[in-house]
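Please find the structures below.
In the two complexes below, chain A is the common chain; its partner is chain B in one and chain C in the other.
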Partner chain A sequence: MNRGYFSRTGLVIGLAFLYLPILSMVVFSFNNSRLVTVWDVAHSPTLKWYVALLSNQPILRAAWLSIRVAASAATGAVVLGTLVGIVLARFGPFRGRTLLSAMTTAPLVMPEVITGLSLLLLFVALEQLIGWPRGRGMLTIILAHITFTMSYVAVVVQSRLAGFDESLEEAAMDLGARPVTVFFRITLPLIVPAIVSGWLLAFTISWDDVVVSQFVAGPASTTLPMVIFSKVRLGVSPDVNALATLMVLIVALGIVISSLWMHAMSKRRERESQLAIAANQ
Partner chain B sequence: MQALGKHAGRRFVVAVPYLWLIMLFLIPFIIVFKISFSETRMAMPPYAPLIEWRDGAIVGIKLYFSNYSFLFTDRLYASAYLYSIKVAAVSTLWCLLIGYPMAYAIARSTAAWKNLLLMLIILPFWTSFLLRVYAWIGLLKSNGVINNVLLWLGVIHEPLTLMQTDFAVYVGIVYSYLPFMILPLYANLEKHDTTLLEAAADLGARPWRAFLRVTLPLSMPGILAGCLLVFIPAVGEYVIPSLLGRTDQLMIGRVLSDEFFANRDWPVASAVAILILGLLVVPIMLFQRVQKGELEARP
Partner chain C sequence: MPDAYVRIEGVTKTFGGAPAVDNVSLDVQRGEIFCLLGGSGSGKTTLLRMLAGFETPTSGRLYIDGQDMTGIAPCERPVNMMFQSYALFPHMSVEKNVAFGLEQEKLARAEISERVVQILDIVKMGAFIGRKPHQLSGGQRQRVALARALVKRPKLLLLDEPLGALDRKLREHTQFELLAIQKRLGVTFIVVTHDQGEAMTLASRIGVMNHGQIVQIGTPLDIYEYPQTKFVADFVGSVNLFDGRLVEDEADHVRIRSEELGAVVYVDHGITSAPDVSVSVAIRPEKIGIDRTRPAGSENVAHGRVKEIAYMGDTSIYIVELDAGKLVRVTLPNVVRRAEDRLTAEESVYLSWHASSPVVLTR
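And now, the complex of A and B:
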């Protein structure tokens, strides 16, 4: 099949395109030369950029702020996004549904400069009107990040729920379970994987955001991407390569662990359902 | 869960995210719209109020259209606007050309490969977008990896200028947004009934003809979703052109940001935002329809 070869070659080239830049970043993080891309044979590989990175106070402070922002934003986004996902997947038609669904999908594609500008103008107007939020800083970054990451959670939860029909929930209701019980005993366990991946997704997007943060951050709150962005605008710098390598390493580890966990979970479910079938016979 | 509808709890579940989104998504746009008609002032906040109040009554409403007329008369804005559309369109096309064969190959591979390949597509997305764009500086600059390799191979004798070109921006956007093109395409291609292709082959269609007449038309919703997911954010892209792009030709997202931060002209920045939204409103609505069809089609 000609077409099979064609698309497979495309796939291999495409994957190389996706991974070679990351690989080059990793390789050059061990390079001794300040020029980054000129390999210093005599003194490489070296760990000196990692040492420099881990003693760079502004970067560490910014990273700690980013972790706190991303964790708070992801948690807020999971709560609100899960509600939206359930409402859109399970509540049937209601007045205002179209608006809710529009306000959920639009942030997925909205250019970041517009989101950032509009949220900043909101915070400024609010401060003028009611005196809150006083100034801008971590709180305003978190509020902004919740707003544009909750859509991702909503989409993940909604598509997970769309994969299950409502018969389980209806059966529980028929057996007399109250809606709250149905939610905690049936719906929530079904969407736990979606909630976990939604949280991770929201965390990653928040952790990575530079544009919206730049608009809504105050002078005292600089997130890690803001530090990186102002550094790399001036050109390449070897400690950023080291930072990138550490982040790739953490992500890769996280992915391996979570896929092993998912695998174990699905194995367990399989075994349980087989046991249940055996018990019924 | 229709019975839940009678419950007061349902109202609450709808109201909480609804109010949040109205407060932090909808109202901000109204404020941007309002400020785009304000006069710039040297104050904090640096714009004049539209509505003049005196003793609890409105005594006058002042709308300044000059922010917009300024944008339409100054050539800088029009060229940034058109350039952004061009960059977004070209990048979207490249994403489609590269992404389609990849999505196709994944959709037609065995189940075990499918999961692995999908993971490989999604994995870069989990690593920092900013750092992945940064990686291209190291590759593209005049003493960067690409030039060094080409010089070493003897293909070129002088370093090519790759950074701060249109090419660099295309590469950056295609690289960053490629997963957004592949995933909806894959989701669509995976659902196709392969017996249709067999039928076409039985009727004597060559593989390419079967592809053009059967697969391609069926994958239109996936193509549309992928293109919109790339095109819309690419128009307002700020980080990629700032790091890799030309300095003599700005994209509109950069113009907005410069007006806001460097010139502290909030009304003009707001007017730029409104013009970008005006351009994107149709694509965004189209995207919502595609997305709705995708999420609400039950298996």
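And now, the complex of A and C:
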């Protein structure tokens, strides 16, 4: 059997497995029929569900809430996660390092139901003890999302720093820079790519989280995935397809743009290095 | 010596109980190039890092220009270091890299750029001022790292394997440039290296390190011609070591009988040792001559058979198996281009050496 034939078959099957569900959702978002599974040949394709979305206040409100939650959670996670990442990568062996390292990565594999439940219990207990956070709403969702997204940031930052020689920071100190200057002029610029990708990662994880939000959300705070989830329980309506298609589009655009940019950057770097080597021969 | 520029006094550094540097005391004079020579794990880099302030001594004290360095942070020491990896900041241009240290001193912009240009001219990197480190070759990075360390006008420059990452041709060239720059700026250098050739050409004095201790300090000539221990004799250059017994110990000469060598070694200088003690005789490969016929005299001659010949271009290395089975290394220059009667393998030969050549080692 031909190897090329085999790998092509694998590619087709793999892609189909991953993207047929999304493709069918996209197709049905242009369906005129109210019944999701019946294709209305006469009046499709149509954009009417997209137009309907624009006037659907609960969905717009939920989307706005989700954006604010995801942005705040990602920002909080970046601050805490970066600190943890730097400590793990740079502070050498200290008492409790192994524990911190294990505890940082544990939330990555913790079942979300357990994370959500324990956070809810914590918030309730805290409210009874110190009166904060008062009730459950956007604040509790943000706090909950920070706790389980900062692990991702920490891991990304730590691995980026591990790729750089510690002597860079030592050289800066040797040249007379104080620790604060070393951090802002050397360490931080080096890990900016990791911080950006950590922020994006935290944003997308927070953006599509249902389980944890479900536990810690209050009556007035419904995020977009929670709206979709509750709508689907009452039966899938085509406007959900349209909404989901938009979400996929936004994420896909983001990925394409960032990967194109990264590709261009690495190409440029490679070319410059080769020029430098060529100029020396 | 009160005027020692760098004074290391009984410094010990242990990592988890094991000493990396073991009770080292050392004085380095102003304007000197001092080389710490040793294998990996000999503690030479740890000693250098303690001078820079990245490690604190477990015990002992360090003085630079008379000032006690205990408790002084790396950023406040009058010392700069050139790292083995060069540690150039990848996100800054050559100019920014070199200017970084001066910016920390809060100097005026005009003065900073003037001094940056000046030092980059000295290391011949003026044309590359706008490049980023990844746009430079290894040799160019080395020069930028040197410029960055020198631009602060340190009293003392620490160099960690300064030529380690360069290829052989570039190494020789850079060695001489480094010497010229050092002479011109008058900075005291402490160089760490595992390469004895590098230490020989750069250093005014060498300290050979082993297991965290300095085993011998001396000029390159002292270290090579008068090693005090078997370790130094073997580590610096190559050497033939023979075990033997002291049979005659006079003030102006000694005789040593060596079964391994199958001969009596006559040494034309006295040694300080008790008679009838077991010693080692060290003879450098280039100090041994080869003849087909037996040379005059009964001492300092050994018989053997040529086992292998390695032609190196400028010299040839002959491995000779002595009658007692010991292998001896002999290096001879290839003086004549076409020698018809060049030695061949399996030939029977006599090895001989001058009475001043052997070094007697008791440790």
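By our rule, the second predicted complex is superposed on the first by the 251 of 281 C-alpha atoms of A that agree within 3 Å, B and C clash if a C-alpha of one lies under 4 Å from a C-alpha of the other, contacts with A are read in each partner's own complex, and residues count from 1 in each chain.
Keep in mind that, in the parts below, a residue touches a chain if its C-beta (ideal position, glycine included) is under 8 Å from a C-beta of that chain, and two chains touch if they have at least 3 such contacts.
Since the model is a prediction, treat every value here as computed from it, not as a measurement.
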Greater residue coverage of chain A in the superposed arrangement, chain B or chain C: B
First, second, both or neither for A:94, with chain B first and chain C second: first
Partner chain in contact with A:71 - chain B first, chain C second, else both or neither: neither
Which of chain B and chain C A:138 touches, first, second, both or neither: neither
Chain B versus chain C as contact partner of A:275, first or second or both or neither: second
First, second, both or neither for A:24, with chain B first and chain C second: first
First, second, both or neither for A:173, with chain B first and chain C second: both
Chain B versus chain C as contact partner of A:165, first or second or both or neither: both
Which superposed partner A:190 touches (first chain B, second chain C, both, neither): second
First, second, both or neither for A:240, with chain B first and chain C second: first
Chain A residues contacted in one complex by chain B, in the other by chain C: 165, 170, 173
Of all residues in chain A, those that touch chain C in their complex: 165, 167-168, 170-178, 181, 185-186, 189-190, 269, 272-273, 275-277, 280
Chain B partner contacts - residues on chain A that touch it in the complex: 1-4, 6-11, 14-15, 17-19, 21-22, 24-25, 28, 35-38, 80-81, 83-84, 86-92, 94, 96, 100-114, 117-119, 121-122, 124-125, 128, 143-144, 146-147, 150, 154-155, 158-159, 162-163, 165-166, 169-170, 173, 179-180, 182, 187, 200, 204, 207-208, 210-211, 214-215, 225, 228-229, 232-233, 235-236, 240-241, 243-244, 247-248, 251-252, 254-255, 259
Touch list for chain C against partner chain A, complex: 52-54, 73-76, 79-81, 83-85, 87, 89-91, 100-101, 104-105, 131-132, 134-137, 139-140, 148-149, 152
In the complex, chain B residues that touch chain A: 1-5, 7, 9-10, 13-14, 16-18, 20-29, 31-32, 35, 45, 98-99, 101-102, 104-106, 108, 117, 119-121, 123-132, 134-139, 141, 143-145, 148, 175, 178, 207-208, 211, 228-229, 232-233, 235-239, 242-243, 253, 256-257, 260-261, 266, 269-270, 273, 276-277, 280, 283-284, 287-288, 291-292, 295-299
